[in-house]
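In what follows, a structure is listed as structure tokens, so that the remarks can point back to it.
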Amino acid sequence: MQLGIIGLGRMGGNIARRLMKNGHEVFAYDRSADSIETLAKEGAKATTGLEDMIQQMAKPRALWVMLPAGDPTEQTINTLGQMLEPGDTIIDGGNTYYKDDLRRAKALAEKGIHYLDVGTSGGVWGLERGYCMMIGGDKETVDRLDPIFDTLAPGYGDIERTRGRNAPDERAERGYIHAGPAGSGHFVKMIHNGIEYGMMQAYAEGFDILKMRGSENVPEEERLQLDLADIAEVWRRGSVVSSWLLDLTAQALAQDVELEKFSGFVSDSGEGRWTIEAAIEEAVPAPVLTSALYARFRSRQKATYGDKLLSAMRFGFGGHVEIPQ
Amino acid sequence: MQLGIIGLGRMGGNIARRLMKNGHEVFAYDRSADSIETLAKEGAKATTGLEDMIQQMAKPRALWVMLPAGDPTEQTINTLGQMLEPGDTIIDGGNTYYKDDLRRAKALAEKGIHYLDVGTSGGVWGLERGYCMMIGGDKETVDRLDPIFDTLAPGYGDIERTRGRNAPDERAERGYIHAGPAGSGHFVKMIHNGIEYGMMQAYAEGFDILKMRGSENVPEEERLQLDLADIAEVWRRGSVVSSWLLDLTAQALAQDVELEKFSGFVSDSGEGRWTIEAAIEEAVPAPVLTSALYARFRSRQKATYGDKLLSAMRFGFGGHVEIPQ
Amino acid sequence: MQLGIIGLGRMGGNIARRLMKNGHEVFAYDRSADSIETLAKEGAKATTGLEDMIQQMAKPRALWVMLPAGDPTEQTINTLGQMLEPGDTIIDGGNTYYKDDLRRAKALAEKGIHYLDVGTSGGVWGLERGYCMMIGGDKETVDRLDPIFDTLAPGYGDIERTRGRNAPDERAERGYIHAGPAGSGHFVKMIHNGIEYGMMQAYAEGFDILKMRGSENVPEEERLQLDLADIAEVWRRGSVVSSWLLDLTAQALAQDVELEKFSGFVSDSGEGRWTIEAAIEEAVPAPVLTSALYARFRSRQKATYGDKLLSAMRFGFGGHVEIPQ
Amino acid sequence: MQLGIIGLGRMGGNIARRLMKNGHEVFAYDRSADSIETLAKEGAKATTGLEDMIQQMAKPRALWVMLPAGDPTEQTINTLGQMLEPGDTIIDGGNTYYKDDLRRAKALAEKGIHYLDVGTSGGVWGLERGYCMMIGGDKETVDRLDPIFDTLAPGYGDIERTRGRNAPDERAERGYIHAGPAGSGHFVKMIHNGIEYGMMQAYAEGFDILKMRGSENVPEEERLQLDLADIAEVWRRGSVVSSWLLDLTAQALAQDVELEKFSGFVSDSGEGRWTIEAAIEEAVPAPVLTSALYARFRSRQKATYGDKLLSAMRFGFGGHVEIPQ
């Protein structure tokens, strides 16, 4: 099947490769000519721009936009909306805000252009293992492009079947779902990332407590010098906290248990934030997911203004002087 | 190798079975005669009590106590301490508070009796998959009882090796570690369970937000009726939130996505609480693990006194009347 | 000075009364004829509608809208925007979202109409004690309407002057500020309410812990039956947790320490939610304000779906059955 | 009335002064001879040590220990317990853990010595305004020493009476209570401090959000440069967030709104930690009080090990590189 891919970064490039390896025909574009050339050498059709891509492809076309969420994606989709024809499809595989999907799908539908939002998980591992995909949009288009999704997905693999599962749609077991109308794909992916934040922070706190057990904060007779790399490793087998994130933790700790090359400045993407906004809109308490987001915010500040205000109040009330930094 | 097992419940019984299946000789005791008889039919040596168990076993003996933490374990270990001889070993495989281990190990050492604390994860799945074990105590005893641990552990299995791992002790890769001196095993298991609470709550909040998206709390035009069973299923493949807990979630949702047989009263064991106490002792912020614990506390109350006080303050200040229940 | 007041509820009615008591001329409208009549008997000019109010008043007019935030306020301001003339002023005294202020101020400015957003705190106590006001809008209009604000504000009172204060604008010491351009008033009021949530929850949790100390959750020998009404009372004097909210707490507990007439279903207004959204936009960690909001969300649910999922996971992994409800 | 005071720091010295000003006879001891001399010049009886103090005082004696909680207090009370006679009283006015009170009261009772635990709030302001006191111990002793407590307490002052209050014990309205048996005084004071942490953090977060609104984290067209000193000031009048802590905030901001002399390293005392432990023992969710404690823990670390682990996981999964510090 033909697919145009716009954006050949870590994700877009590997998506192209996984498709080509399985016989699909990929048309590639990136603002970096080098990226296009690299992929062309691996079998992709190089294009010189969106216009060129559209002209090279057979109708109805499907174009997968794999760019940073926000302006780059928005502008590209706007441009495509002006160039494409009724029956064509735009796929946004990035981390777009689901309310933007609603708006775009509506505007494009007026021109007869289909819009799919595909939440895509897989990181740098997707080329090899496949991508978990959550797809929003109209059923007909999702079904028509099934060969693409089927190829990108991990497939059944050797993962044990879920006991008691008796569902009509077996795509979930191969690693992709049609989640619902436009916006659904990115909504589900957003919550996925919110959960990811929470799980990561759960491990982070647990290992922090293990590590600090050997420090001066603990009375000398109760101090324990624990081997965190071994602990992460042992939990990978037979333990209820085993997970892919734990595998990654074990890898990081195997390489350097002190994690010295990391300063601990932790970014957050929009999805963690939007998850909390969704929770608040729905009046769902989400203390764990929110705490995980706030830990990232806090990691990027030396001292908050709020901390200083606490010190100032303590000084004003009790004459307490700050402990030395 | 010989092992006495005291307490033949869900965990103790299956530990016995896994050992016997692999050629070890198990001496079994439980306060329920039926439990002893059942296990004796499967090959265990029945005993009529602690005294009898001790007399039947060859020296030096190793007795694994697998009872509820707190009084039942404490009393049994006290009694054993009076009956056993120098060189014998008591293993506490339950969920004991690590500070109790420190105290016990010290007292037993004065009598020449060895004490191992073995944090054991595996749930109802351990018989088949093996148990992940975190062991505290003296090296010599841990090494001597290695055949027991080696049998109970999951083994290498088909789990991918951790990239970059180059550690001298390969036991971690087979599913058990000697974590350190007495108390270390239960300390590591305690943190394990603290992390488990956090991960479980991360999933719980995420699925709550997904579910509530279809409710009246969301404006009608933005409501989504999402298939939570399919979502749990799809995340099992290629997604970074895949884990054993997600597998269990997928099973539960496959059976009844409304979870109607559950009322949502969630117990907590001591380990979640002690994890927070350890964090506070160490001055480590643990907002995710704590939020997870508090969600369980809250799940068991209809309305807190604090909630009522909020309503009372609102009434006093603004004349606000509570929304109807 | 003349002021039109639209909305004669608990807040609007008392604002009218405080102004009239101090010699201002109030034009009153409410959709309830009874409310208008009541206030007319106390000296207000009755009006039959917005059009009538506008015609009765001298130019330039100032109209204070004191309606529930959201649709009622929005529609009234839209209507007024079509009826009023250049130089007139609309004041929104309600709990409006600050981004709505930005939009409205811009639209009205194109017609030469001024717009002030006035965050107003005072509850049912404002008539007697005065209202604390945070005002957003253009300086000229704020200055021109100063007699209104000066009357509504509490004034210096017998509150001790802030040590070290040496600020050019003494209005803050009389209980009102010009916070900045349109939206600033409601932004500051929004944060005010966010802080209020946090403080209320701090007291709620503290009294909950005091109360539960006498319950079966505590070992019998450590139980304390504490007199919560006396505790609230004693903290009102000389203690660093003294506050107006504590005064209200003391009142509530003096009347019924069991708070039996309250079920503990606690509403939240938009301002608590928007505070968290603002924090997230700014990447400021706000765990206390967020926890306070979530406690209110949780208070309104019997059991969350998330709680049920926790029970289901526990059952799936460990065979744990829920504790009875 | 006679009172011996051991420890003449900020609290002990001013307690002595307030008592002497009102006609009580104070016997003073401190390990600093200068402190004793200073207070002797103001009218106190100097003593050369505990033994000397005991011999100078008439029976039955009352000795107020006002030392840092932990070892200094413990050792002094142990020593006094060996020196004093039946009928004498030891008062611990510090921030002692309430479980230590239980132990001490029991041990001293065996010798016929009374023990009172007095939670004392008042900070550097107590000399002038009086101290809010929460007293634990036997009724007879509390009643006998009433002249001391009555003098130290703030008294009715000009604080409005609580509406609806109709309680037999009017001491609460004068600023002190007999909370219950030994340990009760410090338990109530502990919760008082827990609430204080929560309230402080509520203000800290609110002002942080106000401050950050003017930063680059906010899109330029939505930025607001707010006058935080004016905002704190205006909330002191007629607003529901008015409190003593807000008064202190207003003072700090009046002096330097940037709080430049504070680095934001915030200490915590035992009471904040024990409050959380008490909540956990009672299974009371206390997310606000806990978040406030954790914010202090976090304020004292540059980067947590947990933060580094988050960065490492992000790198491992998505190839994400940390944002520059």
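Note that the chains take the letters A, B, C and D in the order they are written out, and that residue 1 is the start of every chain.
Here is the rule we go by: contacts are C-beta pairs under 8 Å (C-beta built on N, C-alpha and C of every residue); 3 or more make two chains touch, one makes a residue touch a chain.
Model, not experiment: these values are computed from the prediction.
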Farthest chain (mean CA position) relative to subunit D: A
B-C compared against C-D, more contacting pairs: C-D
Centroid distance [mean C-alpha coordinates] between subunit D and subunit C, Å: 31
Gap in Å, rounded to a whole number, between the CA centres of subunit C and subunit B: 47
In subunit B, residues with contacts to at least two other chains: 123, 125, 201, 203, 205, 208, 212, 240, 244-245, 251, 283-287, 291, 294-295, 298, 300, 304, 306, 317
Residues on subunit D engaged by subunit A in the complex (per definition of touch): 10, 123-125, 200-201, 203-205, 207-208, 211-212, 244-245, 248-249, 251-252, 259, 262-267, 287, 295-296, 298-300, 302-320, 322-325
In the complex, subunit D residues that touch subunit C: 99, 102, 121-123, 125-126, 129-134, 153-155, 157-160, 162-167, 169, 171-177, 179-181, 183-184, 187-188, 191-192, 194-199, 201-203, 205-206, 208-210, 212-213, 215, 217-218, 222, 224-227, 229-231, 233-247, 250-251, 254-255, 275, 278-279, 281-289, 291-292, 294-295
Parts of subunit B lying in touch with subunit D, wherever the complex brings them together: 240, 268, 273, 276-277, 280, 283-287, 290-291, 293-295, 297-298, 300, 304, 306, 317
